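Both complexes below contain chain A, partnered by chain B and then by chain C.
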Partner chain A sequence: MTSSDLNWDAIVIGGGHNGLVAAATLARSGRAVLLLEAGNEVGGAARTEEFAPGFRVSTVAHLLNRLHPDVVKTLELERHGLTVEHGDFMPSVALSKDGPLTLHGAYGEVLTGASPSEQSAWKDLRAQLLRYAGVLKPFLSRRPPGLGGMSLAEMTGLGQTALALKRLGKEDMRDFLRVLLMNVYDLLDEQLSDDRLKGLLAFDATLGSHLGPRSPTSLLGLYYRLSGEIGGLAGAQVQPKGGMGAVVAAIRAAADKASVSVRPASPVAKVIVEKGRAVGVVTQGGETLRAKAVISAINPATTILELVGSREVDTGFVRKVKNIRMKGDAAKLHLALDRPPQFTGVDAADHKGRLVAAPSPDHVERAFNPSKYGEFSPEPVMEITLPSLADPSLAPSGACVLSAVVQYAPYALREGWATGKPRFLKAIMAQLETYAPGIGATVRHFELLTPADIEARYRMPGGHWHHGELQADQMLMSRPVSGWSGYDTPLEGLFLAGAGSHPGGGISGAPGFNAARHIIAMRA
Partner chain B sequence: MNRHVKTDAARTLAQSHFRTPPGCGWRNIELLVPQRMRRAVAGPAVPILLQAQRVDARLEGVPSRLSPTRFRLCSQERHLPWLLDSAIGYEVSVEEETETVAGLALQGPTSFAILRDAGFSGVEQLKVFDLAEFAHDGATVTISRTGFTGDLGYELFVPAGKALSLWDRLMAAGELRGIRAIGYTALNRARLEAGLIVANADFTTAEHAIRADRLRMPDEIGLGFMIDLDKGHFNGRRAILEARTKKKLRHVLVGLEIEGNIPAEHAIVYYKKSQEVGLVSAAMWSPMAERNIALASLQRPYGDTIVDELWVEIYAMRELQYQKLMKKAKVVQRPFIKLDRRTANPPADF
Partner chain C sequence: MRAGHGRRHQGAGRLKASGGTIRTGAEVDQVLIRNGKAKGVVLAGGEEIYGKLVISNADVKRTFLKLVEEKELPDIFLRRVRNFKIRGSSGKVNIALDSLPEFPALPKDSPAYRADMHFTDSIERMERAYDDRKAGRWSADPFLDMMIPTTLDPTMAPPGKHFMSCFVQYAPPKIDGRDWTDADRDGFAESVIAQVAQYSPGFRDRIVHMEVRTPREIEAEVGLTEGNIFQGELTFDQLLFNRPVPGYAQYRSPVGGLYMCGSSTHPGGGVMGAPGRNAAAEILRDLAKPTLHMSPAHDVI
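What follows is the complex of A and B.
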């Protein structure tokens, strides 16, 4: 008997980390699950890949800061090889010509390099940010509340949030509501004075979105970042040993243990719809596979417009799906260096941290401005890691890997990326040179992935790592589209489980996990 | 109203033009409509119901198959953006022609005779909903045997620049056959006698409704018969299916015959004279039917399973003083009048 004769309980489309989490969670409930991955290996944008001979890097996502504890616990990821120690927490270093400033521990438990008054202001602001992010945290992890016909569990969840809000106390609650949709720039101006610290926070708030620090609602991005936790601590970040591929390997091991059938190199051509119900898929190889449920952990627009087809859904839904904004602004740079670079003023330990080149909020804003008009930042801002320092297996002996997320690199570059890419690389290298003089001469190989490259290589439309802008109007009940936020679709039996669904992107596993739990609860 | 021949501006319709590749034809506009279109192969114009994605009836429209690959949709409201979005995934192009094509309705007992006398030979071949093209003033006029009056009648479409010469041609030919231009009030009376409903009068369209509970399902405005749930997906299918299975249909549109002769326009409908159960949306004393008729939207089960003891409260203006009347109403079949000449073949001379 071949697998196509089987009637699967669930077919998961897409072997990114969310697809794997969904598949493993469903399989653990006793379901027969088949996972179809288009590429030759699973992991999607959470892979460790060789980009130059002997040099390996986490190719898209390179930091782990929000893997959901329920995912870790339910899938027993620690047993499957995922370990996070407190000592693994990476500091964040704000690079500046005035000398660096460092946030140690979980998002700056200790701040060094700043004046005593700034340290005290940061202590207050950090506590406030974490408190407010904590209120949003349940919202940003569970299935979003349905607006019609709420279940008891949903009501309870909402009630808990209301209670958390209440616990803030009157003054704090007022302030929470005041700043909720504010821009990060103004909030930072209210409370801090050090441009280096403000630049770092402004960068984090806008990382991965088409917003500048002065854009309304940009503070939400920072809350999203701080609603994540790793190793039990909110705001912490680690570089997994072996790169992001190691995290996926642990999830894959959990999936294998739960007897998920994983089939790489099996791109899906079509979701089969019969009488308004998704009943299976046809692969690009022409194989028909039937299942009681089809879970798409790929992009929502690709799922609906290409796999299902607009003919199976209403015009209004097609319109909503087509209107999901998902043009990425983040590029990824990988450098193979002859030797570890020396960032001016940064000590050896901090070189293993996250180095953020965003010297002031104005600088971030100015980097953003051209992207509105289809141009890249002439002085881009970036988040740099040197993963081979902590994990020498990633580079040949003595050499070094540099991995950086660079903004802003608009997906639809007006001049086109064919000519734009070399020019953008030059702009990036010029920035790097100011912080680490001499780095350019040590570059042995480079790889620059623009959003257009990320789209092509990782099947992420717009090259957007969230599979849809993570902004107020595309979050919560409106993610991926309003009215369909609970992982359901208008087609019975078809579910969405990727980053395009609530809560969004980043290596959290939350969309996949929530979708699987929703399906399990439905059939229980 | 005497049902003389009359012209009106084809209900001031919005028109859209569809082009599809050969062989695609109706299939390409099927998503828009809940009924099966394949039977319509010879090119007739069939009234359709377009639907938004949820509960609401969106508009009524009449698509005509101008050629195997060209269609014209006449609808009460403009919907180009929505139609364009509906075309995603289909091999069809849609363009607005509201301003470039002039529409004219020629309706009434002498309408056929006028067209014949005006020289449109072959027009006698047209059965109800058929259409054909005729020469006019160096251009082409499309004539369909359709209308919104329940009477014998035709609708004519010409390039806008030929509208005046077509008008003159018809007026000359109709001079001795009682041709006259009419306005909306007269048309509204004719359509009411024919039992036809008007968007934003008898129901509020999805585009216009501000209050969520004002939207109506096709089943709630008497158009449920047009829905073919077995034809595959179409806009609104899931919503209709869900409303039917979960018994979420809350309203029903009915024809009423009311005692007396005072029109019950916008009167409240009561059950047992006291419980408010609905509203009259159109009403008149019908000279043709010689009955006091109305269209009303009622809350189920009234008008659906409970049809006795319905009353309407009419405020009759009598010499600058309202007199409140409570009149008995009876649910009756529509149309209120049925004219054999509408469908007679060949159409009668007059």
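What follows is the complex of A and C.
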């Protein structure tokens, strides 16, 4: 008997971390689950890969700051090798010519390098941001509220949010509602005065999106970041030992334990639709596989426009899917260095942290401006980690790995990335050199992934790690498209479970987990 | 509309007809407050005028940071008023012309001469104009909302002459963080004239006189804080129940008897009179007086 003859309960397309989470969760409910991964390895954008002989790095996502606690608990990821301790929390260091400023613990429980008045202002703002993000946090693990025909559970969920708002107290609730859709730049201006701190927060709010700090609603990005938690603490961040691949390995182990059949190197060519119902897939190898439910954990546009085909769904839906904005602005830089770099003024412990080169909100805004016109930032902003300092297995003895997310690098560079890439690399290295003089001379090998490279290598359209801009009009009940935000699609039996669905990207597992729970609840 | 915004004088006439008094040249310096209640105003010349109610049509910052003493206001209200965003973003250039300018791109006698004209042919151009504003400069290549009102109402200029009104974006309230200078004002005007001249050959030669208003002039002449024509930015955080500040979106203030009725309040700026009308309705409600005499208004939102 070949697998073609089997009738699977569920076929999951895509072995990124959300696909693995969805598959493992479904399999634990007793379903026979087949997971098809196009590449040779599962893990998608959460892999640890060798980029130069002896040098390994988390090639796209390089920090863990939002793996959802329900996912960790349900899939027993700690038993499968994922451990996080408070001591693992990485500080965030704001690099500046005026000397660094450091946020210690979970997103700056302690702030050093700033004046006493700024420390006190930060304490208030941090508490406020975490309070407000906390109001929104329960949405992460729910289906977005529908606009009509809400179930009792959904009503109860919204009721709880109303209650959480009420619990803030009258004045705090008023401020919550006032600032909700503000831009991060104005809010920071109201409460802080240190450009280094404001620059770091402005960077975090806009990281991974086509927004500058002064763009309307940019504060939502910071809320999204702070709605994540690690080790039970909101805003915390860690570098998993072994890189992001270790997180995938733990989820994979959970999937294996639940008897998910994982097939790598099996790209799907087509979703089979019969009488308006998805009934299976055809692989690019020509194999037909049938299932009661097909769960796509890859990009929503790829799923609908390429695997399903526009003739199987209505025009209105196709139009909405085509309109999802997903052109990435973030590039990824990997450097193989002869030795660890020395960032000026940064102590040894903080070198193991997240080093943010975004010296002021105006600097971030200026970096953003050219991206509107298809040009890269002449003075890019970036988030730098040196993962081999904490995990020497990632680099040859004495050498060092540098991993940086760099903005802004528009997917559709006007001049084209063929000529643009070397020029952009030069601009990045010039910035790095100002913060870590001499670093350029120690570069043994480099890899710069532009959004176009990320698209090609990881099958992420636009090279966008959220699989769709995470902005107000593409969030909650509008994610991935309005009317279809609850992991369902117009095709019965076809579900979406990737970062393109609510709540969005980052290594959270939430879209995959929510989708699986929805499928289990509806007994599909 | 003939006579342009002069129609507001009709409103003034109606106020007088209803028994109201208008005094001009009477700048208010302070709102008189006794035991937390507004009792009247003090004029710049020192004259005190008493009234049961004081209704401020000035913007919320001017009203509560200049006309009312700090001690009369709760901290949280003051904080929110200080945080109210009222940054100017536009300017105005009024140009007296010797003759009607020509636009070769338009057919002769095109009705577009009587229309609202723009030269902005791409969103990218507008966006770049805004980049200058964000960097604290006026736009090198601004976008203009331009009209020649004399094509509709020749009485606005001597026979054969014309008047051009240019609404200009962007002009920040400060240049590189410092106040506007006369040289800045002239540079701002030049960016406008240069753009018009690009599309209208010989335009410069037709100019008889020019009046340039940057946010500096708008604040000095009209009293709008930071030269913001809407008395406060119309962003989500300053709309509806947040306008002008949370907790005081219904035209009342923390001071008894002191009301707001300007564009700082809901629904915002533009020549529509809605904030004033809504404020009047709220005041009548507080006075337990009927509002039946008010003609129905359209819902704004």
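Everything that follows uses one rule, which is that the second predicted complex is superposed on the first by the 523 of 524 C-alpha atoms of A that agree within 3 Å, B and C clash if a C-alpha of one lies under 4 Å from a C-alpha of the other, contacts with A are read in each partner's own complex, and residues count from 1 in each chain.
Throughout what follows, a contact is a pair of C-beta atoms (placed from the backbone, for glycine too) under 8 Å apart; a residue touches a chain by one contact, two chains touch by 3 or more.
All figures in this text were calculated on a predicted structure; none of them were measured in a lab.
In the superposition on chain A, A:Ala430 makes contact with neither chain B nor chain C. In the superposition on chain A, A:Arg214 makes contact with chain C only, not with chain B. With both structures placed on the common chain, the touch criterion links A:Glu190 to chain C but leaves chain B unconnected. In the superposition on chain A, A:Ala412 makes contact with neither chain B nor chain C. Judged by the touch definition given at the top, the superposed model places A:Val110 against neither chain B nor chain C. In the superposed model, A:Leu305 lies in contact with chain B only, and not with chain C. Once the two complexes are overlaid on the shared chain, A:Arg319 sits against chain B while remaining clear of chain C. Taking chain A as the reference chain, the count of touched residues is higher for C when chain B and chain C are set side by side.
Touch criterion met: A:Pro490 reaches chain B, while chain C stays clear of it. Those residues of chain C whose C-beta lies close enough to touch chain A in the complex are 76, 83, 85, 124, 127-128, 131, 134-135, 235-237, 241-242, 246-247.
Looking at the complex, you find that chain B touches chain A at residues 31, 52-54, 82, 85-86, 88-90, 233, 235-238, 241. Residues of chain A that touch chain C in their complex: 170-171, 174-175, 177-182, 186, 190, 214, 216-217, 365-366, 369, 372-373.
Within the complex, the chain A residues that touch chain B are 273, 276, 305, 309-319, 322, 490.
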